[in-house]
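The following blocks contain the structures, represented as structure tokens.
In the two complexes below, subunit A is the common chain; its partner is subunit B in one and subunit C in the other.
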Partner chain A sequence: MIRWLASRTTEAALTAAVAFVVLVILLHLLPGDPLTAVLRDHPADPAVVAALRHRWGTDRTVWQSLIAFGAGLAHGDLGVSVSEQRDVLVVISERLPATLLLGGLTLLIDFTAGLAIGVWSALHPDSIRARLAGAITVVGYALPAFVVGLVLVWIFAVKLGWFPPSGASDPLLSPGAGVGTIVADRLRHLALPLATLVIATLAVPLRQQRTSALAAAAQPWVLAARARGVRPGVVAWRHCWRPALTPIVTLLGLWLPMLVAGSVFVESVFAWPGVGLLLAQATAERDIPLVMATGFVLIVVIQTGSVLADLLYRVVDPAQRPA
Partner chain B sequence: MHWFIPSRYHRAAGITGRIAALFVLAAPGAGAQRPAPNPTVVYAVGKEPTMPIPLFTHSEQANDDVSDQLFLHLAAYGPTGGVSGDHALIPALARSWRRVDPLTLIFELDPRARWQDGAPVTAHDVVYTWQLANNPVVGNDQSRLESIASVEAIGDRTVRVQFKRPSAEQVYTFAFLMQPLPSHLLERLAPEAITTSDYARHPIGDGPFRMARRVPGQLLELDADSTFFLGRPTISRVLFRYVEDPNARITLFLTGETDILDVIPEPAMAQVRGRADARLIAVPSNDLVSFVFNTRSSTDTTRPSPLFTDPRVRQALTLALDRTTIARSIFDTGATAPDAAQSAIWNWITPDVTPHPAADLTRARMLLAEAGWRDTRGDGVLVKDGVPLHFSLLYPSSSAMRHTAALQAQQMWRAAGAAVDLDRVEGPVFGARLPTGRWDVMINRVGEDPTPSSLVQSWSCGAARRPGSTNYARWCDSTFDRLVTTATTAKDQPAAWRAALARMAAQRPAIFFAASTTPIAVHRRFDNVIVWPSRTWLSLWQWRVRPADALPRDR
Partner chain C sequence: MTRSGILGIALLAALALFAVAGPLVGPDPAFQGDLVRGTLLHPSAAHWLGTDQLARDIFARLAGGARVSLTIGLVAVLVAAAIGSMIGLAAGSLPGLAGRMVARCIDLGLALPRVVVLLVILAGVGEVPPLVLGTVLGATGWPAVARLVRGETMRLRHALFVGAAEALGAPPGRVVWREIFPGTLPAVLVASTLGLADAILLEAGLSFIGVGVRPPAPSWGNMIFEARDYLASAPWLLIAPCVALVVATSAATLLGDALRRSLQPDIR
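And then the complex of A and B:
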């Protein structure tokens, strides 16, 4: 197992390195001038432009960029953002917690409620409630997330006033407020963006789980268990669910990047201070140092997720374990 | 209790006014009540103010808005809002100034001025800031200070400024554009290290507000500096909330969570007007949108453009456009179409900016025929010497406004015999292509300086020859240059600038189609709401909350 893990980790690191090199090459191929965000419509002397390019490293070739990034990485310096003029690590670390919170809770709900409803739907394929649940989630999946977000804001923030329309916390909340007040405030602000993301994504794990569970239900060992008179609940959870988990684990590995990338539209509509919106803006402004660093973090998270998914895969599927 | 807004804008907003200023009375009895203990302004901005330090703001509006609360200018706008002459501005950090000769001014700093750490503001701070402004790695817009030859301290609080040439705007150029930084805190840092230093995280200024806290990605809070030497601010705190999505900003205003809404798209105007607790103010904007002709060939920039060198072609293409219709389709009645590079903040030059001449397709066709353009191929596109009147129109894809204008212009020019390809590109690509000259016509949107002498930067022959200048059209007209030079020192400033702009209008290096006014919505509980056409919130510290209307956040 340890040998497998070492080999898989090395493979992931190599994949991450290749992905990062490709990202940097693509960034250098992108048309557009990163200094547009700085100079705007001001006249600028060529000497000023050259000094600024040197300061932000936008005058480097692909290989110079990679070497400088690698050297900086060794001592925790990934450069300075062109648009924000601050250390990119500081900028990313400011935004990462909000993204992890929103993305993490979305995944948690998707992969608990979604899976539970999926298995239940598979066990009751002809029930009206199961069909209704499937239909509702598919409608949610089909609607663009920002439309769902805008509708939720209109109903629950503007019309009913139950939840704040945007932001991650109340700016007027006293810094000395109690823990309970702060948690309640965070939850109120989390409600609408979280609901939007869950509505937009729940259908995928639900339907995936339903299909897998339906397939598992037709397996001989399930039929044998039923023939032995095992109770339906036990059949469902012990004999159907675990084999049906394998594709879900794969799905989870693929979805982990959502933890970091979040949803640009949802972050925008709800003014949620996450990394997704930051990356989108940085790319639009050709803020190369910020895009490189954010891209690096994303690639590392994706590869880590991939290794963890493979590991989990081996846990849930004994057939994958070494003899 | 006054808004400094030129009268035209009051008419546009349905408010009557005088020539330059309007005084709005406070609510009756307001003075008899105890003031709200914690008057608060909440303002949602579309870009996060991450670097609100003068010279380092990159002219990003959110950064400028915050830096104006933290750092004082040497001089502030006066009652007229003018920038021309030695007495148009009023003292701020500088308590007085005097002229030694046409090239020399001496400024006396107010001895009461203190940095928020208690250190006095000195002449050395001013000299240090001037030197920093000229350091290329700072990335400051040096062209604005180009006319200043030297700045030296001649005492603890006295600064002598030497200019390269006479100008009526010397006080503005130095005293308004210069917001001194604390040399005792920054001098030990390398200029390129300032933005990543502790100081950048917690800037210490000399203005009416001090930095209280910043929640990354969400908000920045400023608290009033009760020791501010020009008087205790009547607003206790200002919260700048970062909300990137314009619709989310509108929602926040409509739900009462913010007090100011400064970008109001036409579809949302009815909802904003419908709020009883909101007051709409029309503020002249420095925003100017135009179709700019490249006078050099887009394929070989060493040669003149085969299409746009002849002023008759430029004039004809102007006549073919119904500029008023284009402006109205974007800004409703909130914009006019000037004939030259004159945004709404320069209306003291020519108050009446009705487009002249109006659209005239027949005359446009006649002018083109006169210039030798004929429909020889029978496809509706004019041709001269084998060259079709066919060009591309460059603009950034991020701007819906410019896309609307492009589609309309394409149709109107087609009617005059010109074929136009729309060249819609991403913002950074647009920015990169402008200086290369690899374009025919582009839709430019600029924020003009409060002073018309800035025309030199974008429309003079000197700028046309200088690499890196914003004279992207490479337009050069020696008569225009002479008129601008005359105007910078003229006694009758409006007349002199009118002459320069008239010359530009006759030559048509660009078709200016929208000089807009910006409607701003402000919560009605505020009194003494003073907003400025440029650097809008400079006087925020003097706003007041009517006690009877105070909200929970003001208490």
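And then the complex of A and C:
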């Protein structure tokens, strides 16, 4: 197990490294740096431009900036964001908690609710409610996150005024407010982005779980358990849910990239101060140091998720364990 | 074909008709009406879906957007299927190290988050025509197709008819091209139909954050973006492109599911 984990981790690290190199090459192949974005057609002293390029490190070749990034990674200095004029690491560490909070809660809700509804609808395949769950998966599959987000903003923020339309906290909240007020404010801001991301992503685990639970429910041992008079709840939990768990774990690894994509769009709708919005802003500003660091974080997160999913897969699937 | 598959085909055909005929029936999407009295009009007989903040007819823009969005989606899917099939076939049929190297390239492609790559490319190159945008979308969507085709190729390599062709002395290239490749097509067709929904969504999302189709050209995504400033006063600006987008992607998903069921009954 340890040996397997070590080789799998090495493989993931290599994949992440090569993927990152490809991304950086792409970034350097394309025209434009922060200065061209700012200067456009305005005349500027070439000496000043060259000095600024050198200071911000945008005059580096692909290999120079990769080496600088690697060296910076070793001692925790990834350079200065050009658009923010602050340390890249500081900018990212400010944004990461918001994304992890939103993504983590979405993951939790998706997989618990998705599993429960999936198994439940598979046990009653002909009921109207199960058909409804099927219809929801088709529409949920087709609903893009930003459409869900805007419709929710329109209903719950503009029409009803229950939740704020954007941001992660109220900037007018007095600094001396009690903990309860602050928490309530944060929760109110979290509600719409979280609902959006859940609605936009729930269909995938739900659908997967439905198919695998349907297959499990058709197995002879389920019929045997029912014939023995095992209570329906126990049949669902012990005989259908457990064997249907394996495919869903595989899904976990594929699902993280989807969450990354979703968070870029959802964070843009709600001005949620996370990494997805940061990436969109950084690419628009051609902020090369910031794009490199953000891309690196996302690639590492996705590879870590894929290793964890494989690990979990070996835990839940007895056939994968060494004898 | 199931009923839901037929519904999918019908909806896609209706959208295609809308994209082709809509701009011929309705007014010019770029036509700007009376800026004093013509902006943000409710849906009416003169403007079936109302007008936007620049007094442009929303029905016309929706049809123009259908042309753009469907074209981009189709191009993206075709490009992804072509590249993905070639690479997947190579990974599955090349012997030894070469095959493993190509398979590694597919893993690498899958490890690169598509949205990150697209943001980097599109922010770098700036405004591009729809056909180029579709090609870029397709060029980032091939790894999923390639993985699928590789799996199918490895499965078919052990099929009896492939062994028979080899026994009759067919050269390896002919075996791959004439015996294995046609067998992978059903899987590619299913993946491409489902991929059409993804590509349309991705184009809309990218246009929504301002790096896809850029104004004044209409796209469902940038219409939704422009609508967000008028949520309180003119919600019909939001509803029309959202409905079009969801209909298009639902139709592609329904059709893809139905094709999967009828073409690959043995694979869930």
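One rule holds in what follows: the second predicted complex is superposed on the first by the 298 of 323 C-alpha atoms of A that agree within 3 Å, B and C clash if a C-alpha of one lies under 4 Å from a C-alpha of the other, contacts with A are read in each partner's own complex, and residues count from 1 in each chain.
Everything that follows uses one rule, which is that contacts are C-beta pairs under 8 Å (C-beta built on N, C-alpha and C of every residue); 3 or more make two chains touch, one makes a residue touch a chain.
Just so you know, these numbers come straight off a predicted model, no measurement behind them.
Of the two partner chains placed by superposition, subunit B and subunit C are both touched by A:Arg286.
Touch criterion met: A:Leu298 reaches subunit C, while subunit B stays clear of it. Partner contacting the larger number of subunit A residues, of subunit B and subunit C: B. By the touch criterion defined above, A:Gly161 lies against subunit B but remains apart from subunit C after alignment on the C-alpha atoms of chain A.
Contact with both subunit B and subunit C is seen for A:Ser268 once the two complexes are overlaid on the shared chain. Judged by the touch definition given at the top, the superposed model places A:Pro193 against neither subunit B nor subunit C. Within the superposed three-chain model, A:Gly79 lies out of touch with both subunit B and subunit C [touch as defined at top]. With both structures placed on the common chain, the touch criterion links A:Ala215 to subunit C but leaves subunit B unconnected. In the superposition on chain A, A:Ala142 makes contact with subunit C only, while subunit B stays out of contact range.
Contacts of A:Gly253 after superposition on the shared chain: neither subunit B nor subunit C is touched. On subunit A, the surface patch touched by subunit B in one complex and by subunit C in the other comprises residues 31-32, 150, 153, 158, 268-269, 284, 286. By the touch criterion given at the top, residues 15-16, 18-19, 22-23, 26-27, 30-32, 138-139, 141-147, 150-151, 153-154, 158, 211, 215, 257, 260-261, 264-265, 268-269, 279-280, 283-284, 286, 291, 294-295, 298-299, 302-303 of subunit A touch subunit C in their complex. Residues 31-52, 55, 80, 83-87, 90-91, 94-95, 98, 150, 153, 157-158, 161, 164-169, 171-172, 175, 268-271, 273-274, 277-278, 281, 284-286 of subunit A are the ones touching subunit B in the complex.
Partner subunit A is touched in their complex by these residues of subunit C: 4, 107-108, 111-117, 119-126, 197, 201, 204-205, 208-211, 224, 227-228, 231-232, 235, 238, 242, 245-246, 249-250, 252-254, 257, 268. Within the complex, the subunit B residues that touch subunit A are 40, 42, 48, 50-51, 56, 58-59, 136-137, 139, 141-143, 192, 195-196, 200, 213, 215-219, 221, 239, 241-245, 247-248, 251-252, 254-255, 257, 398, 425-432, 444, 446-447, 457-458, 463, 466-470, 553.
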